[in-house]
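The structures considered in this document are given below.
Look at the two complexes coming up: subunit A is in both, with subunit B in one and subunit C in the other.
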Partner chain A sequence: MTDRRRINGPPGETIPPFFDDADRAPETAKGRFRPSNAIRKMFLKTGVTPSASGSAYLEISTSAKPGASGLKLSCSVHGPRSLPRSAPFSPHLVLTTHVKYAPFATRQRRGYLRDSSERDLSVHLETALRGAIIADRWPKSGVDIIVSILEGDQERETSRSQGDEVWEMMNALSGCITVAAAALADAGIDCVDTVAGGVAALVQDTDGDESQPSIVLDPVPSEHAKILAACCVAYLPTRDEVTNLWFRGDVPASDMELYNSLVEKGIQASRNANRVLVGCLTESVGEGDTS
Partner chain B sequence: MTSTATPPRLAIPGQPLGPASRYRPGPGTHLHNGHLYASLLGHVRITAPARAPGPVKRLTKITPAPAPAELPTVSVLPPSSSASSAASPSGQEGAGAEQKQRRREVLPEVGNVVLCRVLRITPRQAVVTILVCGETVLEAEWQGVIRVQDVRATEKDRVKIYESFRPGDIVRAEVISLGDQANYYLSTAKNELGVVLATSETGNTMQPVSWKEMRDPVTGVSEWRKVAQPQPQ
Partner chain C sequence: MASTQHHPSHVLLSPAELAYLHDSLLLVPPIRPDGRGPNDFRPLVAETGILPGANGSARICFADGTEAIAGVKAEVERTARRAGDDTVFLEEGGGEAGDEREEDGEDGEAGPGALGEASGRKGERKGEAAWVELTVEIPGVRDDDSGTVFVAAMLSEALLADGELVRRLWINRRFHWKLYIDIILISPPLSYPLPLLSLTTHLALLATRLPRLKSEGDEDPFFDDDWAAAPYLFPRSPSRGRPAARPPITLLVMAVGNNILFDPSKEELAVADVALAVSVTSGASQAGPGGNAADASGPSQRSLRLLSIRTIDPPSRLTPPGVANAANAAYGAANLNNLGSSAQQQKAAEARTAETEAVEGVWRAPRGGASRAVLAALVGKVLEKGGVVDEVLDALEAVDLG
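So, the complex of A and B:
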């Protein structure tokens, strides 16, 4: 569906001119500069939107390369508020999630209306949060969770990164889950646990079939030659439960070990993200004491 | 070993607070596999049981194992409410605490006393909007209904809604049910419940005269209301 009510930007790519400098060109070294079991640095802060009942902002740092952007997410939670009159009686909290890429967040300009991939992310996010919320504490009410992706974790150079969108979506989803959990805690909505997202991927670092694929946490598509499979996990650390699992890729069906270890690594990534989340929440409560 | 472990001062959702055999779950906590966990972000507060287990009076009576009411209650208070209570003596945290204070949302529950404004009346019910629940001003708009049989406790068959409420009145009522999809069901069938603030047809604030009558002090005209018994402050 096209949006005819607004003046839209150009539908094509809007990248600043990239000059083929002689000294810049060799700086295309692919590669991961952090250990395979480490996730990127993360910044998380709650209470950024004053008008919302709860809000949080998440930023995942860029890799060392200048051309690549990081992930920037802002989440606001509105409610609990009364359901619309047309809604049927609900004895528990009705959760509504919206995930939207800002029009300028990705290489390919996004429209103002949510497209199918954004709706897909919303559904995944809702599943992940539904397992964490104690919904029957809030009868007859609804809560809206709105995540805006301000920067979509994509590399600026387009030529080599075609077809990476799926993997980038997984990274975005894991960020969405973490930031939404922080915003929910900030809003004071009862949760069983702090849910956090994590991604693990099976990657091949050099082109060619002979190299052995390895499993890394928090994969950045531009750092690897090829991503064979990836798995995004929403995990409750205290309960030791997985609330949402998104697995995608091309893995031999017979190799159950590989599936298990990918999920295991995804959980490990989510534990790492959870540590940031716990630190951020503790800090936000501690503030009220001292200041 | 476990008896020495005390709950932490701050809690984040999912943090273990202790076994259910030692504490009773309060607000902001939940019970899972016999252990208490926090479900909100905030400060942990342990309140002693309301009635201390005193000496047993009737020794002949076989008393059951210590009732759960005798355990201290552990609850998690969101930073807003605990910060404001901590800030009131010092008074330096005013703006920040106040800003955070309004963010905590509560829901009307069965048994709560609420203040509401009458929106419209029909012969069978008065439709109200709930403004205050307990001590908290609500942020969201919640609609409620006072049905004709819930207006007062006696002579229910002679109640007329238009002799009890008028649109614009402020009514103190009690929540009796979560109701249907749109409305909470409220009742004013107690002496201390009913209209607390009403304006006459000429627009002056009226004074209560009896339990069913209010009078305009300017014009002297009286109107029918289901008046709430004035409460000492």
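So, the complex of A and C:
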């Protein structure tokens, strides 16, 4: 007697298909299709969530390689609003940042609860924004900044990119900073300057030690054979100040030049992103005047 | 809200006290509240091997009463196979694998020569970040609190950055050690606990021993049950009996104006312009081939490597601002109505400057970020040859690893 009420699986065991792709060319880094001092194109728009006091959407173009997707971020800012009665007195605006990958954003599914890397990203974001906001103009109030990463910056098809998650986190952070700054401006929260994120990395383009490592802006891990070090910078261009610096890699301490030029390039990437940010903000102000 | 409750900014200092502290730290040389020099660490008590149930353990107690315990436990775990990896080892003959194992045996003894040999094959032994699991517990704080997560992420980032630690966990192509590092702060967090936790982890890893492997090649691992024969995870060089390679350490460094202060206390962090956590390690690869020379010429020959830098959100941004006389109702700002219009405007202008410009002696939480020059100076100071890192590593070397 078979069970007809449910859709059952096959009765015997099955073997998942395993495709022998040994004859295909081995997966190699596809190389970079833009100059080393250019960041990928980005699209930024403010005011996308009507119910929030400020919001922004950021999309970074996909790289030239098919199958790799760009970063898509949406940020909403709620507040400033008064703190709940139970909260202790605060002489400043209390900033709460919340970064969450959508469950479908990355190759491996993310749960609905924030995991430690997402919490880590939100602390980085908080540090970057806290320097930009003039927090003492809003005592006893709080603002929530919520960034959803709708699509991560990941290659879909290969298993090659093991251990790239760390570098992708840096790319995600720089996007988060830029989109959150746009949303803060949209919400009309006073900032000393527009802060934008930028990433620079020290990469090696071919496997093997003979090639000289070079510094590129806005690295995509799948485009390079190996990333040796990277740094993510949140930068205020008019004040020429850095609110958040996150460096990771393995650099000899005697080579301060290398480290300094990496930070310089990170600042350059951040300046480029900032140009997009300022363009977007002026555009939205212009729209407001005409309507 | 939860993050604000334990936040180190909640030192209860008034704006006047903060201004005083800030000004004294701005002096050249800076005057720190506990009388230390700018590069001095707080004195500490350290011991290792305190937990008999762990592979390695350490306890560090700072003079201000903060105390942490770290325990390292290791388990054998099967290495996950991935499509795309070279999953051919089942077909491979035993002979080649056996040769390799013999080399590994030398590596375990860690003569300087063996290290050099091993570095040639390092590409082959590859670890994964998932082989190390690090947890931090800070009393009075939820363990999913973002501050705790940040500290844990920073510590594990330093451990994983150069891939040296996970490479040591490789047993054979089918098995690896999984290392669990559990760090518990015993005392309440009287200061930002990062340097304490990092130094404790460093010592615990130095004291960690793994059972000696008896099996060969890719067969199921089988270990010597003699604990006395267990090699250290970070093997020592035979000439001095000290570890040749060392796990990384993370230092906290802050700047007030152009003054750079190491190991800031809670009160000092409350007036910091910028605070950085910098992770460094002393290079193993360079020390290996010329190991004897490095040993002879002492610790100043150490080649440091920079692994990670993170900006710590300085709690000074959350401190309450002072009120300048010009903006203070008790000092005439309320009497504006009684004055003539020109005087009124002037007063109003003064009140505005009080909001935008710094008034001497009146505390205001720092705005904006840190200039590039200050950041570069901070990192440069940490990486200086014969600087604080060397001092700290020397001090930790003196700890008896039992």
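In this section, the second predicted complex is superposed on the first by the 260 of 291 C-alpha atoms of A that agree within 3 Å, B and C clash if a C-alpha of one lies under 4 Å from a C-alpha of the other, contacts with A are read in each partner's own complex, and residues count from 1 in each chain.
In this section, a contact is a pair of C-beta atoms (placed from the backbone, for glycine too) under 8 Å apart; a residue touches a chain by one contact, two chains touch by 3 or more.
Given the structure is predicted, the values throughout are model-derived calculations rather than measurements.
> Which partner does A:176 reach: the first (subunit B), the second (subunit C), both, or neither?
neither
> Touch check for A:188: first (subunit B), second (subunit C), both, or neither?
Touch partner of A:188: subunit B, not subunit C.
> Touching A:126 in the superposition: subunit B (first), subunit C (second), both, neither?
Touch partner of A:126: subunit C, not subunit B.
> Just checking: does A:263 make contact with subunit B only, subunit C only, both, or neither of them? Give me first, second, both or neither.
second
> Quick one: classify A:58 as touching subunit B (first), subunit C (second), both or neither.
neither
> When the two structures are overlaid on chain A, which partner does A:88 contact: first (subunit B), second (subunit C), both, or neither?
In the superposed model, A:88 contacts both subunit B and subunit C.
> Regarding the shared-chain residue A:203, is it in contact with subunit B (first), subunit C (second), both, or neither?
neither
> Look at A:116 in the shared chain and tell me whether it touches subunit B only, subunit C only, both, or neither; answer first, second, both or neither.
A:116: touches subunit C, not subunit B.
> Have a look at where A:236 lands relative to subunit B and subunit C in the superposition and call it first, second, both or neither.
After superposing on A, A:236 lies in contact with both subunit B and subunit C.
> I want to verify the contact counts: of subunit B and subunit C, which reaches more residues of subunit A?
C
> Would you mind listing the overlap between the subunit B footprint and the subunit C footprint on subunit A?
87-88, 90-91, 132, 134, 192-193, 236, 239
> Along subunit C, where are the residues that touch subunit A in the complex?
1, 4-5, 82-85, 128-129, 144, 146-147, 149-150, 152-153, 157, 161-163, 276, 280, 283, 303-313, 317-321, 364-365, 367-372, 375-376, 379-380, 383, 385
> Can you list the residues on subunit A that touch subunit C in the complex?
On the subunit A side, the touching residues are 18, 27, 87-88, 90-92, 94, 96, 116-117, 119-120, 122-124, 126-127, 130-132, 134-136, 158-160, 162-163, 166, 192-193, 231, 234-236, 239-254, 256, 259-260, 263, 267.
> Subunit B touches which residues of subunit A in the complex?
50, 53-54, 79-83, 85, 87-91, 132, 134, 137-141, 185-188, 190-194, 236-239, 278, 281-282, 284-286, 288-289, 291
> Which residues of subunit B touch subunit A in the complex?
10, 12-16, 28, 30, 32, 37, 39-43, 78-80, 82-83, 86, 93, 96-97, 99-100, 103-105, 107, 139-143, 178, 180-182
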